[in-house]
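Read from first to last, the chains carry the letters A, B, C and D; within each, the first residue is number 1.
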Amino acid sequence: MDYQSLLERVYQETEAFKGQGKVADYIPALKQVDPNRFGMALATVDGGLFTCGDVHVPFSIQSISKVFTLALALKREGEKVWTRVGREPSGHPFNSLVQLEHEQGFPRNPFINAGALVVTDILLDSLSKPLEEILTFISELAGSGSVTVDEAVACSEEEKGDRNAALAHFIKSFGNIRHAVEEVLNLYFRHCAITMTCTGLARAFLFLASKGRHPGTGEAVLTSSLTKRLNSLMMTSGLYNESGEFAYRVGLPSKSGVGGGIVSVLPGHFSLAVWGPELDACGNSLRGIEALDRFTTYSGLSVF
Amino acid sequence: MDYQSLLERVYQETEAFKGQGKVADYIPALKQVDPNRFGMALATVDGGLFTCGDVHVPFSIQSISKVFTLALALKREGEKVWTRVGREPSGHPFNSLVQLEHEQGFPRNPFINAGALVVTDILLDSLSKPLEEILTFISELAGSGSVTVDEAVACSEEEKGDRNAALAHFIKSFGNIRHAVEEVLNLYFRHCAITMTCTGLARAFLFLASKGRHPGTGEAVLTSSLTKRLNSLMMTSGLYNESGEFAYRVGLPSKSGVGGGIVSVLPGHFSLAVWGPELDACGNSLRGIEALDRFTTYSGLSVF
Amino acid sequence: MDYQSLLERVYQETEAFKGQGKVADYIPALKQVDPNRFGMALATVDGGLFTCGDVHVPFSIQSISKVFTLALALKREGEKVWTRVGREPSGHPFNSLVQLEHEQGFPRNPFINAGALVVTDILLDSLSKPLEEILTFISELAGSGSVTVDEAVACSEEEKGDRNAALAHFIKSFGNIRHAVEEVLNLYFRHCAITMTCTGLARAFLFLASKGRHPGTGEAVLTSSLTKRLNSLMMTSGLYNESGEFAYRVGLPSKSGVGGGIVSVLPGHFSLAVWGPELDACGNSLRGIEALDRFTTYSGLSVF
Amino acid sequence: MDYQSLLERVYQETEAFKGQGKVADYIPALKQVDPNRFGMALATVDGGLFTCGDVHVPFSIQSISKVFTLALALKREGEKVWTRVGREPSGHPFNSLVQLEHEQGFPRNPFINAGALVVTDILLDSLSKPLEEILTFISELAGSGSVTVDEAVACSEEEKGDRNAALAHFIKSFGNIRHAVEEVLNLYFRHCAITMTCTGLARAFLFLASKGRHPGTGEAVLTSSLTKRLNSLMMTSGLYNESGEFAYRVGLPSKSGVGGGIVSVLPGHFSLAVWGPELDACGNSLRGIEALDRFTTYSGLSVF
């Protein structure tokens, strides 16, 4: 498979989608990004790296961080995590409170905001220096390149954070958040405000294509079984309430963020990070989805 | 991979689950089945067949038929099908009307009852002798063995069919069912009442593991692209509102029915039909899920 | 109180609202009515009658019939009726299925369609010649004037009746409708298709202002206690999901229909029927509400 | 009407209900109250006062305070209040977030918690010393007797206040709360923690039976029209999601609180405060409802 040519073809063909999406604007810090940025980085399990476009520009990973925090929670606490959060697609927008009320504060899955807040609460118990240890965990996965928190974004989120505060207080009212809401939100907004590059993200997700082993050191980040399970969660719930549509078009376990990033994994083969800040109506990178759709269609590569 | 030994190991280990589920009892015709039946049949893309247990006993395939009717609709009408039914997980029980009201008669996906009724309505337009053509389509996929309608089951469903009648009238009130409700229900109850064996089902699903080609004749049943897409739908929505949990534990595109059957596919490798009539709380074969969980865990085989 | 002058003042002042609403058009038979019709008839407990406008033109009473069927069911079956239908405002549109699913086929109140279908089912048991006896019951209340079924409207409803068929099948699936759905709908569409005049309606509702006694004969139609209770139901649930707004503006127990009629009651004093076919967004007579608002504001007459 | 005998008869007959309800226990400060307390105080528009039982013991008025804050908001801001909160029954429990999500932060009515929080936010703008002015407003209505805030209750509510914090943040995320959530909750918990006696409450509600005029001074607290409207809101929404049932049984505009108080009004005649701390499943005084049911049934007095 000539990954390099394929990335370039897809890059060019999707230029036509410039201007069709909308950069996240719910906080000032996010809407300043150049909407025309676009990059793709593919890292293979045997050490290859193929890139195209803006792969060295750091961007806000936002909800993609939920994969890292879940991986860390699973690594520390194992299957016990599932006593506090479910594994089903939600069928509702990422920040909905409706389902949470019917299901008594037990979030459907760890990738909707409610579930990610519960995972954050778990990490506050599990880690002694939570933010520092999350950053170290990601840095070690990424191998090189900076993994930092954009404080401007984090503060901006906090100022506009009433919806997440509502979710956290609501879950706490059912007893499924144990730390102070302020503490949970503080950590949550910070790990969502991590910035990384496409190249860094592709490398950091490679363990999910390698049965859980760190591609550089060979050490187990997660067991092979937990790795399979984390990939399945990305497949059913990784792209908000566009997950089914995305599975249909792309067919790779993936996670997106409102910063415009999407990272996909083909187990046994590669991880692929794309970034384009313009979003579709569901909050996913519009050009990113178009690129991944073409990539899998032209290559015939998908889990299906 | 020694499939035969694996099937036998799994068969034995899951005997302990006898008596823990509950045979479907909402219609008399279904509850007469022997709850202790259990069979597994695995057909490989290169022509192998491995079986264990009650693989030659015909059973009611129920919702598994929705894969066949959807495949036929996609074959006939192509992507146009998606103007009438969606591709997202529902997050609600299979026969819920709640979501349908909020979304104005557009069912979330073709595997919940509402979506399957719309697909049935499409086939009434697309086929001249609908039931006959559905049966022929399945028979040709299965290669041999009988594919028949159990009229006792179909009539029993009709008698107890108020929930489905409610769904159909409701969708029709939004204009998304075009034929008479009686006609749609008549065909729907009949294709759900088809009986097949594990062996027959494994063979009939093999095209989904073979990029859409009939394993015997090599002819394209569906394009490679539509095949991938159908598999993705089974992954996100194939086991009612246990789809996420099942993807997490098993990790294979699959479809279940309340008759106790589940058929799974590993693209490029095999299709695997299991049957055990005792159901869990979500209406899926309890021992069937346990068996598939062990099968994929022991073999390390899954799409993830 | 000079009722006649008040009616005339209100009639004139509300002429300005002509053309601001929309005649019911979901069935052809209803949309043929002249939108400019308007009438008001007030009957007092001491035998007075005050009228203004088109009070002698028969119109389709539609949901107003639900008061008569409920009164008849209460007369026959007493408080037992409440084992099958509730007494709470619904908070949802009149034909919603959402709540019904959460509450397992037990309709919130007898004035939403679901509840009225259950009351109709009760009358099928309670009466030997249901439609005939309903018509007789209303005729005796109205004293004179014709009370007939408009078969064109009834048939038109049946043709477009998928939403109500969905409701009836859905309730039946929970066991709270006992007769065949066709039979229930047949009677339901017929009692909704009854035509009466403003004068007839005002007279027929007078027993609700007279502690349950027939104003002509003095006989008890309902006990004083059941009369109070029926009035309370009209207050909390009589105008679909505009009931709270209407109670706020008008403050009289009332029932509306999509034919454009509204009948209000001031216990101890009068019943007042208004008719204007143009509806607001909730399906209530737009000019009718404006007229009743002015009537109660100018007179200071309301239950509050 | 011999009110005194009636109160005594009702008092005695409802002693049998002791022990059948449950004192509010969600905060420690509330559950310390003696469950056997019971009192009734009836104040007439012509200055009479009839009492029975524990009418001089102060208790936590809780949600009854929402009538006072709404009256004050209407007095200050007039109908403008309705641009921020609705007038329809909710059909959902008092602290539900579901409806609020569908309706974009616009609460159904001022008596569910969401609506009361918005009214509290309005008063923070409208009043210069909000809590002080609320207390003065109520004191002047009550005429004599103490109206104080129980700080132990207010603090206890704050500690357990995650559900209300969730509501407030959620509404703020839609822009319908303008002050800091902490500030809104601080005032909200304090006005809910006001303690009064049955006698004080009966007197303080008497203006609602007197077309808005202060029964002592004759001054207009509210216009006659706004008074009618406030009564209608109590009728359709005053007893949480038991409002319909209560209207059916009692038929008087009323407001309840989880402290066990209920105040009812018969316009033109009297206001009637009852207090019994044991609650039914909806959070309303169990013996209080039984007493009011008997009072209106025996006397034949109700608005219907």
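The working rule: a contact is a pair of C-beta atoms (placed from the backbone, for glycine too) under 8 Å apart; a residue touches a chain by one contact, two chains touch by 3 or more.
Keep in mind it's a predicted model, so treat the numbers as computed, not measured.
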Would you identify the chain whose Cα-based centre sits farthest away from the centre of chain D?
B
Computed distance of Cα centres, chain C from chain A, in Å
55
I'd like the Å distance between the centres of chain A and chain D, where a centre is the mean of that chain's Cα atoms.
48
Interchain centroid distance [CA atoms averaged], chain C/chain D, Å:
32
Shared-contact residues (touching 2 or more other chains) in chain D
none
Looking at which chains touch, is this a line, ring, star, complete or other?
ring
Pairs of chains in contact (touch as defined earlier), listed by label:
A-B, A-D, B-C, C-D
Give the list of chain D residues in touch with chain C in this complex.
86-92, 99, 108-109, 224-225, 227-229, 231-233, 235-237, 241-245, 247-249, 251, 253, 267, 297, 300, 302-304
Quick check: in the complex, which residue numbers of chain C touch chain B?
96-98, 101-102, 162-163, 165-170, 172-173, 181
